[in-house]
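Some notes on the structure that comes next.
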Amino acid sequence: GPYEGAPRTFLFNPAQEICFKDTAEYKKDGPYVIGFSNAGLGDSWRVVMQHSLMKAAADHKDKIGQLIVTDAGHDDAKQVADIQDLMSRQVDLLIVSANTEQALDPAITRATERGIPVVMVDRRIASDNFVTFVTASDTMMGRLFAQWIVEKLDGQGNVIMLAGQAGSSPSEIRSRAAMQVFQQHPGIKILDTVYSDWSPVKGKQVMQAAIAKYGRDINAVWSAHGLQTPGSIEAFIEAGWKDGEIPPHTTSDVNGPLQMALQHKVPMLEVGYPPAMGGTAVEVALKVLEGAPVPCIYEINSQIATTDGDETASIRRDLPISEVVVPEGPADMLVTGGMGPDYNPTTFSVDYPR
Amino acid sequence: MLSLQGISKGFPGVKALTDVSLDVAAGEIHALVGENGAGKSTLTRVIAGVFQPDAGTVRFDGRETVWKGPGDAKRHGVHVIYQEFVLFPHLSVAENIFVGHERRNRLGLIDHGRTRRDAKELLARFGIDIDPEALVRDLSVADQQMVEIAKALVHDVKLLILDEPTAVISGREVDVLFDRLRRLKQQGVAIVYISHRLEEIFALCDRVSVLKDGNHVATRTIDEVTRDQLIALMVGRNLAELFPVRRSAKAPGPVVVAARNVEVSGRVRGASIELRAGEITGLAGMVGAGRSELALAMFGAIPMRSGSLVVDGREVSGLSPRRAIDLGIGLVTEDRKGQGLAMLLDVAANVSASTLNEFGRGWRFDRAREKRVAEQEIASYRIACRGPSTPVSVMSGGNQQKVLVARWARTSTRLLILDEPTRGVDVGAKTEIYRIMHELADRGVAVLMISSELPEIVGMSERVVVMREGVVTGELSKSEISEEAVVELATRRLAG
Amino acid sequence: MQTRTLRLPRFLAGGRAALLVVVALLILLFVLGASVSDRFATTGNMLNVYEQSAGLALVSLGQTLTILTGGIDLSVGSVISLLSMLTSGLIAGDEAMVIPVVAGVLVLGALIGAANGVTIVATGVHPLIVTLGTGAIVQGVALLYGLGPVGSVPISFDAFAYGTFPGGISIGATVALALFLLVSFFLNNTRTGRRIYAIGDDPHAADLMGLPRRRILVGVYAASGFFAALTAVYLVSRFNVGQPYTGANYTLASITPVVVGGTMLAGGRGGVIGTLLGVYLVSLLNNTLNFLDISSHYQLVVQGLVIILAVSVYVEKQRGLA
Amino acid sequence: MTGTSPIGMAVPAPRPGSADRIRAFASRYAILLFLAAVVVAGGLAAPGFLSGSNLTNMLMQFVPLGIVVIGQTFVILVRGLDLSVASVMATAAVAATAFGGVNADAPAVFATAIGIGAAVGLVNGLLVTKRNVSPFLATLATMIVLQGIRFAWTQGAPSGNVPPIFRTIGAGTFNGIPYNVLFLLVVAAAGAAALHLSGFGRRLYITGGNPLTAHLVGIRAARVTLAAYVVSGVLAAIAGLVLAGFVGVVDNFVGRGFELDSIVAAVVGGVALSGGKGTIAGALTGAAILVAISNLVVMLGLPVQAQIILKGIVIIVAASFYVARRR
């Protein structure tokens, strides 16, 4: 069954002292005005994350007087302005998913200095000038993916890195973590790093080119997330790879690649990066406003799933992919959303306090 | 002052100037004449440093010179009034006058007050009432031309070149210009004067040089040549009669098209005109009288504020160019390049443009037939080109004009309006266009010719309607037509 | 025949209707914002709006110049990105490097812009295409320099973007405002300034008049590059770091305030004061929308409609037959 | 593609026997020669480049761009520009998932997508012709508005399945020839016929070459212009559907970058931004060059930066070639 214990990144953390923040200084009486500055929407993951956050706010109407949501459209400058505008509206607490790690740092640091508690979600800033960061670890994902590929290939083989967008922090962090693993194995050769811009369309195009170039020399595809993975698998199928021949792929969150893995017998590792962390951020925000101590990094659980027979020495699964997948569901639905069975992002509406 | 030796200049596929040698003395007004495309404007541009000659030398003020560009020539006292306007429509009149020689104060900043004052003073010297702060685009074409002229006279000029400066001005403005030029001449300025209006040449110039097909044919003092000799030099043959006599001049037919009380915002104020089958009617007036607007309104190209068009006794509703074409009306506009022709397209496409439906409705378009039609028109109008697929952009002005006339003659079963049909067109092409007008009239088409050239009005019209300031001031029958009578009506004081 | 229209002061001349429309929209937004929240019409929030205008203002200032000449500079986004990376990458946290690097970056921006101008002048290709091409090249170079954020700047560097004069008046926005006034003065009162209008109005006539059109064009694109560089420095001050896509949004964004402020894309008409008001309009619009609690999706709709509204109110009648 | 010559290409007919003839020939077909050079050089430099499967890949990527470029050409010919194409593509793709995701929905999907494309084209056209808004701004504004509407419609991320038939059209092949190539051929043939053989095409060229002339010869220039924007909108919608079928998963990235790429391709292919000049064949060749180069960069293992830089260089070099030719 699914793993329901405490976050493994917490349990396995070798540090003796785990950092906790005292939030007494932020304690105040409700109802609270909470501002959420989102980096942007645009792919299903981010939409579900925002919805889970709104839903949690609706569940806590008693404490939250108003939730103000802004959307920066993936523009740093707009997000800085959004944060300033939220401060102008005198919010009691800011939840921020920072578009980029460094660019938002000065603006958020200023908010913190002005005494406004900031809870980061999904994407943090470079400095520690916030109360806490709600996340599942990018580094962990990158390493798990890489370690699994190394072990699947017995330390010998050629890998294509199918990254997200050049210069975007989740992509770069996951790639960097993966490279640390790959570099320890001289038998592993990285043929190319190609960029999908988190898009299956672009992912398919770049993988077609890579296949045309390396053909059967490709032994595995390290994909930074599930959004682009279907494009890659499609490219192999169209280039003539039969079911069972397609090299191992990594993926995350998205239903489509899981469906394809089962249908075309693709060895696959799925490590979740659950969008439900949006809701968690609201819970954590309330704790902060109530003055309860919170960990400096609030990690949430990632489920690990593999196709049958594809567990390796280091990577043990919580669930088989066949139990994670929604067989008849849309290809782009998020299997790790935690929004319940009737959830449909397009029609979702919730009565959160505005 | 200016001495050209062996100047040649070619463009891809065209030899515009071949071995031209020419002298212009200080204190001389030197006319430059020749057919369209003879190379007059090109020569102007070589002198002004716009083009570098392929061969030959330019000596200016005694020294051999190679201009680095128009600015360089300007600094040395060469000023040109080009055939096309060289004005900045969204700058003020004053700024246009001083552009390139901005009035500045001690700090090197623009002195707006002085710019305005100096411009005002300069304009006053021409006796022209233009607000120096008006934007140039708000001026009439004639006023724009006067700004052009004023602009050339602000500085110390040694050589002044005027390329068809009177094409869009008339009457008093021409007098002002000539007066200025004569004074400059007395001050020792060398002047090159280009015009297709030969009477101006005889009235103003000292010597005349003739260009033909890029070659320098002759230079004469004005007393040694007659008008006919000059024409012969330009076209290479004798044109006994510039205005052909219409052989089959029958009595005009019934009124086919009439405009009643036409008002066009500001410019035409209640003009009426009647046009009869088979008759050539001249529409005369000073430039700016509103004739073009009346014509455009009759054609549906600009909206009438009030008034109506009556065709065959019936009032036309929903007038538009399309409707006008369907009614058998054609309009050769005055601005060939800007309005008339699609310069990127070829002769065939330009000829067929107003009758596209004839070549197939909907999806099909019969190119073969279009080509045949174009070939016929090229032959019957003697259009000089390499065939139906010649781009009109490479053709000379006169031949472009014939393409336009050919196009509109095709749609004109009732009325053909020609607005300044021979402006900037050489004598050879002129006669051809007159011949075409006669042919159409013979076929029973009503012809309305707008012209600012009195000899043309007198020579071609069988009836003349005269406008002034948007109002029809009179009508002259065949026997009453004379230059004096037309001028009298064109300048008549309006009551009230 | 000449209609005596009401004359505005010279620096406002050009696109008069535009200015009135923008001012009307500014007032409308202000009233709207003030009616939904009593925190909107506060000095604090208005200073906040003012502060947020700086980045867009700087880049639009250069863009106004290129558009006045009848051109456009679509490379500004990439130039900002590259130069922001160079700024933080070369300063690398070292206080002593700040002045030389900033100076170098500004010069480099002007040089890249000048290269745009030279290419436009030398090839005769439409500036839209040239700058699209050079923009791609510069973006490629930026990604060669780094795929992610590079370098850092000392803490004090943020004074440009976040610092204030007494009273909370933003330094960056005030610098931008001063530059606008300076450029406006330059455009109206110097020979080169007036000639920028002339060559935008009719380049062919400018050539025949012997105006140094090519030199002015190179200068104008150099200025655009310079202001892009200044924007890059500003953004590094605001973000503490340079990144390969930092400027991407500014390419199209820089055009909106220019045209909303009444400068015609055809060239020759308009001015920087209109652009400044256009920048304030964009800035106030974003702020107002954040106060109105409109879902971000509809914010896009509103932005697009404002562009259409503003621009289609004062389009000029095309010069036609009469 | 079509061998039809455009009307009125302003190339002086060469004097018989002169070297002009060779030059004229070379300059008219230079863009094809350029493409041929890229292909040959690519084949020599990267062995896999000319392999059947890579050619299939390139064709498949070429098709959506090609379809958009055809529409863009119509608009540029009437002195316009359509920046809204990418937004239309993504919106059409969203429409493809808005139904049940089965083949029976295909007609409804088609109708919706084309309706969206036509509506956007109509709005663009009306803004340009009725309100005199500059095409750049009008289509920029509709691009932004449409994106907002799409986001509001999908709440930010499209979701749902594309009917399988679109998968076939978008990604299926027959003996290595992608089905979507057929689509392009049909669109290109129709586009070329409309431009080069029909009365409408003639009206379009006259309108783009000289709007005043068009008005005076009774062409309803506003309608022709409007039609060009509608064509562009509809073709962008079709391209959006083809691209949606390419992977079967729709996201907001469908069509991203197509607005500028399609303009660049047209210009590289000799369509003049000043209007009235250019051909479908040229524009498609331009698109083919862009696709070949971006594929070649990957095949050569050059970094992504090289692709971007190369594209920039090609844009400037190709465009300056046309200007030089015009002089």
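Order as written gives the chain letters A, B, C and D; numbering starts at 1 within each chain.
We adopt the following convention: a contact is a pair of C-beta atoms (placed from the backbone, for glycine too) under 8 Å apart; a residue touches a chain by one contact, two chains touch by 3 or more.
Bear in mind the structure is a predicted one, so any value in this text is a computation, not a measurement.
Seen from the Cα centre of subunit D, the chain whose own Cα centre is farthest off is B. Of the two chain pairs examined here, C-D and A-C, the one linked by more C-beta pairs in contact is C-D. In this assembly, the C-alpha centroid of subunit C lies 30 Å from the C-alpha centroid of subunit D.
Between subunit A and subunit C, the centres computed from C-alpha atoms are 36 Å apart. Inter-chain spacing, taken between the CA centroids of subunit A and subunit B, is 73 Å. As a whole-number value, the distance joining the C-alpha centres of subunit B and subunit D reads 42 Å.
The multi-chain contact residues of subunit A, meaning those touching 2 or more other chains, are 41, 166. Counting only residues that touch two or more partner chains, subunit D has 151, 155-156, 212, 215-216, 304.
Residue positions of subunit B touching 2 or more other chains, listed in rising order: 301, 333, 339. All chain pairs in contact, by the document's touch criterion: A-C, A-D, B-C, B-D, C-D.
On the subunit B side of its complex with subunit C, the touching residues are 48, 50, 69-75, 80, 82, 85-91, 95, 99-100, 102, 104, 108-110, 112, 131, 133-134, 137-138, 140, 264-267, 293, 296, 301-302, 333, 339. On subunit A, the positions that touch subunit C within their shared complex are 38, 41, 68-71, 73, 75-78, 80-82, 84-86, 88-90, 100-107, 110, 166-167, 169, 172, 354. Contact residues on subunit B toward subunit D in their complex (touch as defined above): 12-13, 299, 301, 320-322, 324-325, 331, 333, 338-346, 349, 352-354, 356-357, 359-365, 367, 386-387, 389-391, 393-394, 407. Across the interface of their complex, subunit A is touched by residues 46, 48-49, 51, 53-54, 57, 60-61, 97, 101, 151, 153-161, 171, 173, 243, 246-254, 256, 295, 298-299, 301, 304 of subunit D. Those residues of subunit D that touch subunit C in the shared complex are 127, 131-134, 136-138, 140-149, 151-152, 155-156, 212, 215-216, 260, 263-264, 267, 273-274, 303-309, 311-316, 319-320, 323-324, 327.
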